[in-house]
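Quick notes on the structure that follows.
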Amino acid sequence: MAASLRLPGARPGLRYWSYRQRLAAASLAAVCSRSMASKTPVGFIGLGNMGNPMAKNLMKHGYPLIIYDVFPDACKEFQEAGEQVVSSPADVAEKADRIITMLPTSINAVEAYSGTNGILKKVKKGSLLIDSSTIDPSVSKELAKEVEKMGAVFMDAPVSGGVGAAGSGNLTFMVGGVEEEFAAAQELLGCMGSNVVYCGAVGTGQAAKICNNMLLAISMIGTTEAMNLGIRLGLDPKLLAKILNMSSGRCWSSDTYNPVPGVMDGVPSANNYQGGFGTTLMAKDLGLAQDSATSTKSPILLGSLAHQIYRMMCAKGYSKKDFSSVFQFLREEENF
Amino acid sequence: MAASLRLPGARPGLRYWSYRQRLAAASLAAVCSRSMASKTPVGFIGLGNMGNPMAKNLMKHGYPLIIYDVFPDACKEFQEAGEQVVSSPADVAEKADRIITMLPTSINAVEAYSGTNGILKKVKKGSLLIDSSTIDPSVSKELAKEVEKMGAVFMDAPVSGGVGAAGSGNLTFMVGGVEEEFAAAQELLGCMGSNVVYCGAVGTGQAAKICNNMLLAISMIGTTEAMNLGIRLGLDPKLLAKILNMSSGRCWSSDTYNPVPGVMDGVPSANNYQGGFGTTLMAKDLGLAQDSATSTKSPILLGSLAHQIYRMMCAKGYSKKDFSSVFQFLREEENF
Amino acid sequence: MAASLRLPGARPGLRYWSYRQRLAAASLAAVCSRSMASKTPVGFIGLGNMGNPMAKNLMKHGYPLIIYDVFPDACKEFQEAGEQVVSSPADVAEKADRIITMLPTSINAVEAYSGTNGILKKVKKGSLLIDSSTIDPSVSKELAKEVEKMGAVFMDAPVSGGVGAAGSGNLTFMVGGVEEEFAAAQELLGCMGSNVVYCGAVGTGQAAKICNNMLLAISMIGTTEAMNLGIRLGLDPKLLAKILNMSSGRCWSSDTYNPVPGVMDGVPSANNYQGGFGTTLMAKDLGLAQDSATSTKSPILLGSLAHQIYRMMCAKGYSKKDFSSVFQFLREEENF
Amino acid sequence: MAASLRLPGARPGLRYWSYRQRLAAASLAAVCSRSMASKTPVGFIGLGNMGNPMAKNLMKHGYPLIIYDVFPDACKEFQEAGEQVVSSPADVAEKADRIITMLPTSINAVEAYSGTNGILKKVKKGSLLIDSSTIDPSVSKELAKEVEKMGAVFMDAPVSGGVGAAGSGNLTFMVGGVEEEFAAAQELLGCMGSNVVYCGAVGTGQAAKICNNMLLAISMIGTTEAMNLGIRLGLDPKLLAKILNMSSGRCWSSDTYNPVPGVMDGVPSANNYQGGFGTTLMAKDLGLAQDSATSTKSPILLGSLAHQIYRMMCAKGYSKKDFSSVFQFLREEENF
C-alpha cells in the first residue's frame, strides 16, 4: 500500500512539532509561500454525504476549518461545533491557504472555482487547492490552468470507498498534480484516507478513478451474468462462487462483494442491496468514462454497454440500491 | 484448494495397497462391479494438444493405457512407449473399464460415444467414463443418459489451465456426476491436475467451466478497455495496473495476466502474445456459453458482446494469439 | 411482388381443371408419383394460433383436410366442420400425400416427423411435406435428409405476417427446397398467403425469415432509441418521425409501425401495444438467429444485443405485448 | 417534401422584388432591423469540402459573398472570382448581416463566434447567423444565448447529403430556431438544398440530424449483419436483399445503399467503398449522439455499440472508406 501520513488524533506534542517542521522543510523548495504551520485553518467546500464525514476527520486531526456549502443547513453542525462558516468560496479562499472541495458535478466544481464569488476571486498565491469531486478529467485540467495563472496549486484527488470509508477515515485518494506538492496533499488527505496514491499530472487522479470504476462495473455485471447462468444450469451459487474465486474468473466483485444473496455475509446482497455504492453514482461515473473515451477516441465496447445497463437501472427503480443489485435486475423472473 | 488424490509416481508398495483397499471399500456401495485394482488399464480417447500430455501423466503414475485417436499418427509415440493402441472407441471400452475422452467438439464426443463403433457398443457394466472435453452441458446430459442405460457411469470433467498445466500436471478439473463416484474420478484426475472440484450433477462441470471462461473473457476485455483508456488519459500503465490491483477493479486478468506489454513479465503480453490460451479456444467456449444462455433464457449482455468480440478477432488474424491480445486488437492505431 | 397462385374460393370449373392439369404436367419430370388431382386431402399438423386460420384458408379453397394436433381440443371445430381428425402424424401421412406442419419449436417439429408415430413412419413415396414452423435451419436440413431417404420431398416455408395476416390469407412464405417442387408448394401456400417467395435450397426459407426478423428487431430498437433521444432533446415526435422517414434513417419500423404513441394510428403503439407480434415470439426468433450465427461463426454484434434486450423484456412483463413496446421498456421514467 | 424557396439563378426581375418585399413585410414584426434587399452580401465562414460548394451555390444565385477561412488557401478561388475575402469572423460580421458558418467541430464553432476576433465582437443588431456545422446541440444553445444578448438571431441548420449533394444543391437542412425567422433562413438555404425542414427551437436541428444518423448507423450495421448471416446460411445476396426490401426488415440501408458488393449499382459497395459518407464522419456524429444521450440520460444500447464499432473501424484502416464498408469490416475472413 502507498505510504500515507496518518496523523494520530492525539494532541500534538513537542515530538510531533519537530516532525512537522522536518516535513515542511523538505517540501520547502517546491512549495510557494504557504503557511508552514500545518494546523492552520483548512477550507472545506461541499459538506454533503461524503464531505461531511471527511471534514469531521480533519477536525479530529486538529485542523480548524473554514466551511462553505450552497445549502446553509449543511454547515449548521460545524457551526455549532465552533468552526467558522463563511458565505462564499471566495471567502474561504481569503481565510485559508489550503482548500478541499467535494462537489457532485463538473458544473458545481467550475462554479465554486470560477464563479462570480468563486475561489479564484480571492485565492492567495501559493495556496493548495485539492478537488476531491469526481469530475471530467478535462475539466480538472482547465481548472488547474486557471489556478496556476493565479499562482496557486491545483490537484485532483477523487476518492473511492463510499460513505462508510469516509466516516472511518479509510478512503482511497487518487491524486494528480505536480509531484512536489504531493507530500503536502498527503498530509491532509491522510487524515481522511488510508490509501493516498500519486497518479501523475493533473487529471490522472480522475482518470485512475473512472478507469477503476468502469472496470468494476464491467466485472460486477460479468459476475452477475456468470452466476445467473451457472445457477440456471444447475450449479449451487456458493459452490460456483468458490470455483470462480479459485480460478481465472476471480475478481473483487465475486470474492469480496458477491451480488448473489446467500453467497456472502456483510455485503449489500445479504441486506436487500441497501447501502453501499448506489446505482446512480455508478451511472454517473460511467458517464464520465464514456465522455472521456469519446473525446480520446478510445474504444470501450463493454464499458459503453455497462453504462447503458446502469442507466436503464436508474430508470427502473434501482437508483438508490447498491450497484450489485444488477443481479436482481437481470434475474427478474417473468411475472405473468 | 479442494483436496485431490495425488498418487505418487513411486511403485505401489504394501502400504499403498492397504490405502487403496480402504478407499475402494469405502466407495463400494455406490460403485458398480468395477475392477478394484487401481492400476488396471485406463482407456484414453483423443490424444491432441491436451490429451497427449494428460495421457503421459497417467502413464507416469503407473497406469497402463488403451489408446485410440481418429488420427493414427497421434498414437505413434504411445505405441513406441509400449502402450496398447486399438482401432475404435468400442475396442477401448472392451479392454478398459475406466475411460477418459478428450475431444474438440460436442459432435466428436457424440461420435466417440454413440457412433457406429462408439464406446456404448461394447461398454461393460459398471465402467467409469469421464469426458474431459469442453462441450455443451445439454450434450453431456444426453450422453450420461445413454451411458446409464448401459449400466455404466458418466462424468463430465472439463479442464482449465491450458497446454502448460496439462504438461506439468497442474490442470483444474470441474467434475459433474453422481457424488459417490467422485472419489474414483479423483483418483485418475489427480494424476493430471492439482485441483479436482466436485460441482454437482452431470453437466455442472461443463457449466462451471463455461461460466468461469465467460467471466474471464469479460474481465480480460474490461481490463483492456480500462488500461487503454487510462493510458490515453495520461496514466503510466504499470502505475494504473498497480492502482487497479489495490482497488475494487482488481481481477485475475489485471493482476496475474495483464494484457498490456511492459506491465508484467512471464505472461503472453510480454512475449508478443505467443502461447497461452488461444483466441479461437476462447471464442469456442464463449459460443458454448451463448448457446447455454439462449436455451436457458439467461440474459448475458456483456457475455454476448464478449463472444462477438472474440469471434471478430478470429477473423482478423488473432486466432492463434493468446486471448489477452484483445488489447492489441482494440488498441490498433490508425495507420492511414 | 412475387407471383403466386391464388386459387379463388369458387368451385373448380372446367377451365380450372385444364389449368391444374397443365401445371401438373409441367412439374411431372421432377415430381414423384404424387396424386395429380389438386383437391385431394391435405394433411395439417399443428392447429394453434397460426395453424388454425391457415388450415381454414385451405378449407375455403376447397381442400379436404386430414387434421392432427397434440391437443385434441384444437381439432374440435374442424371435426364439427366435417374434416377428418386422426390420432397421430403417421396417420396423417397415411391418408394425405401433401402435409403442412405448423409447430412452435424445433423439438416439436422433430417429434412430428421422426417421433414414434411420426410422419416418417408411414409417409408415402413422392409425398410433399411443407414445414411452416420457424425452426433452426440446420434442423430443417436434417429433417429434409430423413424425408429424402423415404423418397418424399421436404420444404421449409416459414411465415411472416402474424395472426392477422394468417386470418386474411395475407401471409408471406419464404420457401426453401428443390426448385422443381416450388410450383406445387405455391399451389397450397398461395391459399394462405399473398407472397410466396422461393429462397433456395432447404433451410434458406428459415434463413431468410430469421435474417429479416433480426434486422427488424435491430431497426425497431434503433428507431426507439432515436425517437426517445430526439424527444429528450426537444423534438416533437411526429415531426421527428416525419424527418426520419424522408431521410436515410427511414425503415419499416419508423414509417409503418412506429413505436411511439401518438405518431401513427392503427399500430400497436396506438393501442397500448396490444396485439401484433409478441415480444416472446421475437425473442424466440432472435435466439434462432443467434444459434445460427454462432454455428456459422458470423459476427452479429447488434443482433446479439437485440436478442438480449428482448430476452430481458420477456422477464419484465412485456412477453405478451407487441415487440414495439421496447419503446415503453427503454423509456420507463424513474419512479422514485 | 417541405416547401422551400428555390431562387432561380436568373437575374431578379420586378416580379421577384415584389415577392421579396411581401416576404420581408410579413416577417417584419419578428425580424430585427435587417436589410430588406435579399441580394446583399452574405457572409460565409468555413470553405472546406462542404462549405466550398455550398458557397458556390449561393454565388450562383446571385449573392455577393464575404469570405473567411482559417486557411487562406481555401479562399483563393473565391478571391479570384471577385468575392471579398476578409481576415476574421468579426470582419465578416461587420460587412454582412446574414452569415453562414460551416465548421468541423464544436470548438471551431465556439471560436468563430466567441473567439477574440469572433463574430460576436462586431455583429450588428438584427443579423441572422446560421450555423450549418454539425455540433453538440447544447453548444448550439449556448451560442444562441450569446448571439441573442447581442440582439441578433441564431439558427442551427446542420446538413445531410454529403459532398455530392452539396455540389448539386440537393442538401437537406434541418433547422432549429425562432419560427418567425425560418422563412429568411429558407431563402438562403434553399439555394443550397432541396429540403429545408423546420425542426423547432434552437438545437433541434442538430438533434434531428444526430438522431437520424444514429438510426442510419444502426440500420447499416444491422443490414450488414443480416446480409452476412444470410449469405453464410446459403442465401444469394441479391435475393436476400430483395426479400428484406419487401418485408418488415426494409430500410434505406438495404434498399437504397446496400453494403454488399454486387447487390446494387451506383452505390459505394459497387465501387470498393470509395466516396460517399466517410467512416470518420459517421464516428464523429455517433460521438455527438453519445454525448447527448449521456447528458440527457437517454438509454442508447444499440447506438452506443454502433458508435464503438465505427470508432474501431477508424483505427483499422477504414477511416476514409464509405460507412457502408462495415460489411467488409465484419466479413473479413480468417487469413491464417
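Just so it is clear, A, B, C and D label the chains in written order, and each chain counts residues from 1 on its own.
Here is the rule we use: contacts are C-beta pairs under 8 Å (C-beta built on N, C-alpha and C of every residue); 3 or more make two chains touch, one makes a residue touch a chain.
For clarity, every value in this text was computed on a predicted model and none was experimentally measured.
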Chains touching both chain C and chain D, listed by label: A, B
Contact distance in steps, from chain A to chain D: 1
Pair exhibiting more inter-chain C-beta contacts, A-B or A-C: A-B
Distance between the centres, which are taken as Cα means, of chain B and chain A, whole angstrom: 42
Distance from the mean Cα position of chain C to that of chain A, given in whole angstrom: 55
For chain B, residues contacting two or more additional chains: 297, 299-301, 305, 312, 314-315, 330
Chain A - residues contacting chain C, complex: 305, 312, 314-317, 319-320, 330-336
Complex interface listing, chain D residues touching chain A: 283, 287, 290-291, 294, 297, 299-301, 304-305, 307-308, 311-312, 314-315
Complex contacts: residues of chain C adjacent to chain D: 1, 137, 160, 172, 174, 195, 197, 199-201, 203-204, 206-208, 210-216, 218-219, 221-223, 225-230, 232-236, 239-240, 243-244, 246-254, 256-257, 289, 292-293, 296-303, 305-306, 309, 330
